[in-house]
Amino acid sequence: TRIGVVEAIWGEHKTIEQISEILKKYQLECETALVTRLTKEKGQKLLVEFPSAEFHEISGCLTLGEFKECTSSKEEVIILTGGTSDVGVASEAEIALNFHGIKTKLLIDVGVAGLHRLLDRIEEIKLSKVVIACAGMEGALPTVLAGLIPQPIIGLPISVGYGISGGGKTALEGMLASCAPGLVVVNIDNGYGAAMAAMRILST
Amino acid sequence: TRIGVVEAIWGEHKTIEQISEILKKYQLECETALVTRLTKEKGQKLLVEFPSAEFHEISGCLTLGEFKECTSSKEEVIILTGGTSDVGVASEAEIALNFHGIKTKLLIDVGVAGLHRLLDRIEEIKLSKVVIACAGMEGALPTVLAGLIPQPIIGLPISVGYGISGGGKTALEGMLASCAPGLVVVNIDNGYGAAMAAMRILST
Amino acid sequence: TRIGVVEAIWGEHKTIEQISEILKKYQLECETALVTRLTKEKGQKLLVEFPSAEFHEISGCLTLGEFKECTSSKEEVIILTGGTSDVGVASEAEIALNFHGIKTKLLIDVGVAGLHRLLDRIEEIKLSKVVIACAGMEGALPTVLAGLIPQPIIGLPISVGYGISGGGKTALEGMLASCAPGLVVVNIDNGYGAAMAAMRILST
Amino acid sequence: TRIGVVEAIWGEHKTIEQISEILKKYQLECETALVTRLTKEKGQKLLVEFPSAEFHEISGCLTLGEFKECTSSKEEVIILTGGTSDVGVASEAEIALNFHGIKTKLLIDVGVAGLHRLLDRIEEIKLSKVVIACAGMEGALPTVLAGLIPQPIIGLPISVGYGISGGGKTALEGMLASCAPGLVVVNIDNGYGAAMAAMRILST
Amino acid sequence: TRIGVVEAIWGEHKTIEQISEILKKYQLECETALVTRLTKEKGQKLLVEFPSAEFHEISGCLTLGEFKECTSSKEEVIILTGGTSDVGVASEAEIALNFHGIKTKLLIDVGVAGLHRLLDRIEEIKLSKVVIACAGMEGALPTVLAGLIPQPIIGLPISVGYGISGGGKTALEGMLASCAPGLVVVNIDNGYGAAMAAMRILST
Amino acid sequence: TRIGVVEAIWGEHKTIEQISEILKKYQLECETALVTRLTKEKGQKLLVEFPSAEFHEISGCLTLGEFKECTSSKEEVIILTGGTSDVGVASEAEIALNFHGIKTKLLIDVGVAGLHRLLDRIEEIKLSKVVIACAGMEGALPTVLAGLIPQPIIGLPISVGYGISGGGKTALEGMLASCAPGLVVVNIDNGYGAAMAAMRILST
Amino acid sequence: TRIGVVEAIWGEHKTIEQISEILKKYQLECETALVTRLTKEKGQKLLVEFPSAEFHEISGCLTLGEFKECTSSKEEVIILTGGTSDVGVASEAEIALNFHGIKTKLLIDVGVAGLHRLLDRIEEIKLSKVVIACAGMEGALPTVLAGLIPQPIIGLPISVGYGISGGGKTALEGMLASCAPGLVVVNIDNGYGAAMAAMRILST
Amino acid sequence: TRIGVVEAIWGEHKTIEQISEILKKYQLECETALVTRLTKEKGQKLLVEFPSAEFHEISGCLTLGEFKECTSSKEEVIILTGGTSDVGVASEAEIALNFHGIKTKLLIDVGVAGLHRLLDRIEEIKLSKVVIACAGMEGALPTVLAGLIPQPIIGLPISVGYGISGGGKTALEGMLASCAPGLVVVNIDNGYGAAMAAMRILST
C-alpha cells in the first residue's frame, strides 16, 4: 500500500491454508484484499471460510471487501482481446482495475486476422486514456494498434496457442520485438500487472 | 534439375576455390548456375574468373548464363517488405524467380506499424498469383496480409532486429504462430527457398 | 469468409460454453462451422447440444452443416505421414479439406527410416496437385520428398517424440532447415493451417 | 507522425546509401528526423552529406533539424542506470525525448548492489512523472524501484553482461518476471522505444 | 558419508518399493537416513512401513533416525524467503541442516518488492554465519542482500512463477547474473544442496 | 594413451605459446601429437617452430611425428558428407583416423536432397566397417542411411547453415531425434570425436 | 528387418487399438515383435488380447514371440546406471538386447558422486565388448568412464532430475560436450536406440 | 567496501575514458582498485595513463595500488582447472584473491578425462580451506571433486568449448545439475565472483 495499491495475493502456488491465514490478517486490519490465479475449487473453498468475499470465476480472482467507487463517468481503460480464449486474463485485469475504482470496457475478438473488426472500433478505442491489448499466438494485435492510436498501450501476452506458440512466449517476444514505437509489455498472462501499470499511468 | 529448377549453389560456407570448381563443372555441361549468399569480396573475385557471370550486389547472388525469358505479361509474384532493411533478402528471392523466367514486383516499406501504406496497395497485391511477405522484428506483416487476401502467402522472416528480435527467430516464430489461416513459412533469410516455393505453386 | 474459407473455431482453450455460444451464432446465420482440437469429452458434450453436428474422434474435429460437394474426380491433395502416431493431425487436415469440397488421399507409415515404402508410392504421389507431409521426431520426410517431386509440399511437423524431439520442435526446425529447395512449413500439429495453405494454392 | 511522434529511422541494418536517401526525402518535406543505432563511422559519413545534422556519439543517434522547445520547467522523465556501461542506451532515450521537447534528467550508477546510492536519491526520483530504469546483468533495479515509488516505471534491459547475462536476456526476463506490481518493459537496448512509451504516458 | 554428510535419498523419481528397499539397508546398518521430494501420498505409505520415521509434510522430507543434537546456542544459518510460496523448499533446507545438528532460523516474506521488510531485519541477519536466500520470480532477493552483508550467501532459486518465470529459470539466471560480488547459486528448488553447501562452509 | 589413442591437443582456445609448450613436452617424450582446430595463421606459426610437423589446412589439424602404418588393405571407415561445405570437419575425422593407421574413404556431396546420389553409392558404403555421416542444415543424411545399412553409423552434425540451422544445433537434434534405430551422435563439428568413436568400435 | 533387427513399435503416442492392429499383422506373418514405452495400464490391456505376449513392467516393454537364444557364454554388453532412478530406461536397453539374443549385465548405482563404487567395478566392466552408460542430472558418468576404458561407450542420458536438469537435456548436452574422446550419444531415455547401436557395433 | 571488498571495476563494456575517469576518482580517495576483463590493448593504454598500475595479461586484470599482505603461511584457496584453456579465468580469480591478501595455489590440467591426474593431487587439495574448480566443455570436474572432499567447492564454468558446449552454458548447467551434494556455482567465466565467494567463506 506504500505505493497506493491494494496488495494482491498471488494464489497459484499457495495452499488454501496459506491464503486463508493471510486473508485473516487483512480482515483484522480491515483492509480489502485481492487474490489472483485461483482454481474454481480453491475459490469455492475460500468462500466457505470468507462468506463475505466474492469469487470471480472467469478470472479466477477473489475479492474481499468493497470495490472502490468509480469517480469518472466514462471508461478510462479499454481492454482488447484477440479472441475469446483470452477472456480469462483480460478479466483479471478488469477486476483489478474495477476493484480500485477505475472504469473499464472490454472489447473481445478484435484480433488482426480479421482486421476490419479492429478498424471498426478504432474511434471508440481512441476515447480511452490507456489501452491494454491482450493477444496469444503471434501477439500482433498491440503492434497494429500502436500504429493507429497515440495512447499508452500495454501489451499483455496470453498463454494461448500450441506448438511454437504454446505457453505464450511467441506472443511475448513478438510484442517486445514490435516495430511500432512506444509499446510496453508485461509478463505472459499478467492481467494484474497490466492493470497496476495502467493505474500508475492514470495517476500521472 | 530433376524437379525442374536451376541448382543453386549455397556460397556462404564455401571457399572461392570450392565455388569456382563447381561453376566450372556447370560451364562444361552448359548449364546455367545461381550462387547465393556471397559477400561483395567473394562475388568480385569470382567475376574475375567468370567474366560472363553477373554479380548482384544487393542480394549477394551471382548468376552464370542467361536469365530465362519471361512469358507472362504481368507480375506473377509480388514480394513485400516491412522496411528498407529487408531489401537484401527480398532481392535474393526476386533474382531467383527472374532467373527462372518469372516476372516479379517488389513493394518496399509496407510494414504494419504504418498500416495505411499496406492498405493503400492491397488491390494491387490481390492481382498477383503468389505473395512473398518479408518481415523482420516481430514479423506481423504476413499475418495481417493473410487476413486480407485469399492468395498463397509465403512468410519470409528476416534477420533484422536486435535484442529479443536479433537473428530473426522472433519473426520466424511469429509467422508460424500466426492466427491467420493458411500462411506458410520458410527459414530466416531464405529468399531462394521462398522463390522456389513460389515456383512450385505457380506450376500447379 | 472474406478470404473464402469456412471460419474454424479453435476449441482447445475455450470452454464448452464459449464454443456453444459461438456455434449458435453460426447456426442463426445458417453458416457451416468447423471446430478443431476438441477432446473426446468436449466433443460428445457438444453433440448433445448440437445433434446435427458430426464429431470426428480421431482428429478431434466437430463439423456443423454439410460438407461441400467434391467437384474434382481425383485426389487433389495427398497427405503423407511418417508413422501411425501422426494420424490425428493428418486427419484434421483431411477433414478441413473435405469440408471445403477438396478430395484427399491419406498415405500412412511412409517414413524415411524405411525408404522403400516411400519410393514405392512416389508415382502415385506425383499425380496430386499439392502434398502435405506430416512427420514427427526428426521430421525428415518432407525433405526427402522435396528432392523427388516438383509439386508444392507443405511440411507439417507433429508433436510426436520424446527427449529432444518431444513437443515437435525438432521436426519443425528440421523442416525449416531443409536442404531441399522450396519446402514450406506450418506450425507444429497445425493440420487446419496446412489444409488452408493447400486451398490457397489450389485456387491459384 | 500520425500518432504524433517524429519518425525514427533505425540505422543499424541499413547502408549509408539507404539512410541518406531516406533523410533526403525528409529534408524535402521539411521534416525533422532521428536516426538511431549508428556506428561512429556511419555517423561521421552522414555528417559530411548532411552538415546541418548533429551526431550524438555516445548514443549513436543522428538528429536532423531543430530539437522541439521544452515547455515544462522541470524534468518530466528521470532516466536511471545501474552502472556506467548502460549510458549509451540511456542516452538514446534521453535524446529521443529531448528531441520531442521533453525535459529529462540522467542518474548514473544507482544499481542495487549498492542500495544506499539508490535510496539517497529516492525523493528526487519521486518528483518526476515517468521513470525509465536501465539495467544490465540481472536487471533488478526497476523491481526494487517499483516497490518504492508509485509512478509509471519503464524497465529498459541493457545488453551488458557476460556468460548467462550476455546479450541482455537475463535482465529482460528478470524485469518481466518482477514481483513488483505494474512494472512495464521494452526490448533490450530499446532506448528509443522507452522514450516513446514515456511520451505516450505524458500525453494522457 | 565419506565427506561427512548423511546420505540423502532423492525420492522424486523412485517408486515406493525402490525407496523402501534402500531404507531397509540403512536400518540394517543402523544409519540414519533422509529422503527428499516425496509427495504426501508416498510419505504416508512409507510411514506405514517405517513407523519410527518422521514425515515432514511441508518440505516433503522423511527422516529415519534421530536428529543430531545442536551444539551451538544460536542460529548458524538464516534462511530467507521472498514470499510464502517459497516455504516448501526453504523447509527442505532447514530440515537437512537440523538433521545434521545445525541450528537455523527461517524468515518468511522479506522479498524485495517491499524493501523495508528486508531492511528491518538486516541486523538480525548479520548475526548468522551463512545465509540461504530463497526467491522465485525474478530472484532479486540474494542480489540485494549481497550488497548489504559480508557473509556467504547461497542463492536458492524457487520454481514459483508463471509465464516467463515459470519453472524457476528466470530466478536462477538472475542470481547467476547478479551484479553483487560473491553470490553463489544452487539448482532450482535444491534446498538439500543449499543446506549441504552451508554445512561445507560451516566446517571450514 | 591409457586408452590407446594419440592424445589430441585442442587448439582453438589455446594461444600459440600454450600449444608450443605442450608440443615440446611431447617431443621430449618422443610421442607423436595431433593438434586440432587451428586457424591457418596459427598453423603456419607453429610450423616455423616445429618444421618437422605437418599442417593440414582444410581440416585445421597439425600432426607431429609419423602417421601409423595402415595394416588393412581396404577402407575400414567411410566418411560421407551432405555437401561440399562439410569437407573441413570430415577431413578432421579422416586425418585423426589415418594418423592412427586406419584406412578411410571420403564421399562428398551425397546429401538427401538428391537421393539418387546416395542410393548410387550404397553398395560401396556397405563394404565398410563403420560409417561417419556428416551433415549440416537439417542433418537427415544419417537417418536415411541408417534405414539402408546395418553397420554402425556415427552421425556428425556440421555447423553449416543459417537462420534456424545456423551453428549446427538443428542438425544435431535431428540426428538425436532420428526415427532410424541405432544411430549414435557426437557433438557438432567434432570430427576428432567421431574418429575416436570409430576406433573404439574397430577394436571390438 | 532389412537391417537385421526386430522392428520395434513405439507405443507411447499410439492408442491400444493402433498397437493391437499392428501386432496382429506381425502375428499373421509369424514375426516376433517388441513394443516400447507402454504404461502399465496399456501393457495389461494388451496382455488380455495377446495372452502369449510378455509385459515387462519396469521397462514398459511388451514382447511377442520367443527371445532369441544367447550364443555367447559371457556378457557382451554391460549397462551401467548412475542411480536407482535410471533403472527403467536401462531395462529397456537390456530387454531389447536380450530379445535379440545378446547377453547383458546391469550394474546399478555406480554414479560419479561416489567414485569408488565405479572404480571398484572397473576391471569387470573392461571385460565387456560394449558399454551403455545411463546417467541423469549432470550426466558425467560416461565421461569419467571414457577416460578409463578403451571400449565403445554409448552415453544414454536419462530424464531424471529437476530444475535445470529436468527432462534430461543437461545430461544429454553434458555427454555431447564431453572432454573424453570417442564417446557417442543417443536421445534422452532412448534405451532401445542404445541397444540397437550396441548390436550394430557387435556385428562389425 | 561496505562489505569489506575492494570494489572491482568491470572493464569489458566500458570505454577507456570511462574506466580512466573512475580510476582517477579512486586515486584521489587513495583507494586501491581492480579492473577486470580488459583486452591487452585497453590494458596497455591504461598503463600509459596510470604508470603505477600493473596489468596482468593472462587474466586481463589491472590493479592499482599495493596487494594486501598475506598473513597465512599456506594456501587457503586452491584453484583447479580442467585444461590449459581455462587458465585466463582461473588467473582472474587468483589475482582477485591475492590482491586481498589471500594466498592461493593453481593446479592446471587435472580434468576428469584423465582421472588419475586428479586423484594424484587429492591429498594436497584436501589441505586447502576452499576450492575453486574451473571447467569448460561438460564441466564434470567439480562434480567428481565434490564426491571426494568435504570442503566448500565453488564451481566456475568456463566458456571453452564448441558446438553444444560453446559459450560455457553446458558446463554451467552440468555443475548446477550435479548429483554431488553441496556444490555451489557462479556465472560462466566469473573468476572475480568465485574469488569474492571464497573470501566470504574464509571470513566466517
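Lettered A, B, C, D, E, F, G and H in written order, each chain numbered from 1.
Methods note: a contact is a pair of C-beta atoms (placed from the backbone, for glycine too) under 8 Å apart; a residue touches a chain by one contact, two chains touch by 3 or more.
In this text, all values refer to a predicted model and were calculated from it rather than measured experimentally.
Both chain B and chain E are touched by A, D.
To fit its Cα atoms onto chain E, chain A must turn through 90 degrees, a value rounded to the nearest 5. If you average the CA atoms of chain B and of chain C, the two centres end up 27 Å from each other. With centres set at the average Cα position, the gap from chain C to chain H is 55 Å.
In chain G, the residues touching two or more other chains are 2, 83, 114, 136, 146-148, 163-165, 172, 176-178, 181, 187.
Shown are all chain pairs that touch, namely A-B, A-C, A-D, A-E, B-C, B-D, B-F, C-F, C-G, D-E, D-H, E-G, E-H, F-G, F-H, G-H.
Put simply, chain G touches chain H in their complex at residues 82-83, 111-115, 136-140, 143-144, 146-148, 161, 163-165, 170-171, 173-181.
Chain contact summary for the complex, chain H toward chain E: residues 2-5, 8, 129-130, 146-154, 172, 176-178, 181-187, 192-193, 195-204.
Contact residues on chain H toward chain F in their complex (touch as defined above): 83-85, 87, 114, 116, 136, 160, 162-166. Against chain F, the residues of chain B that register as touching in their complex are 2, 10, 12-14, 18, 22, 37, 157, 159, 167-169, 172, 187-190.
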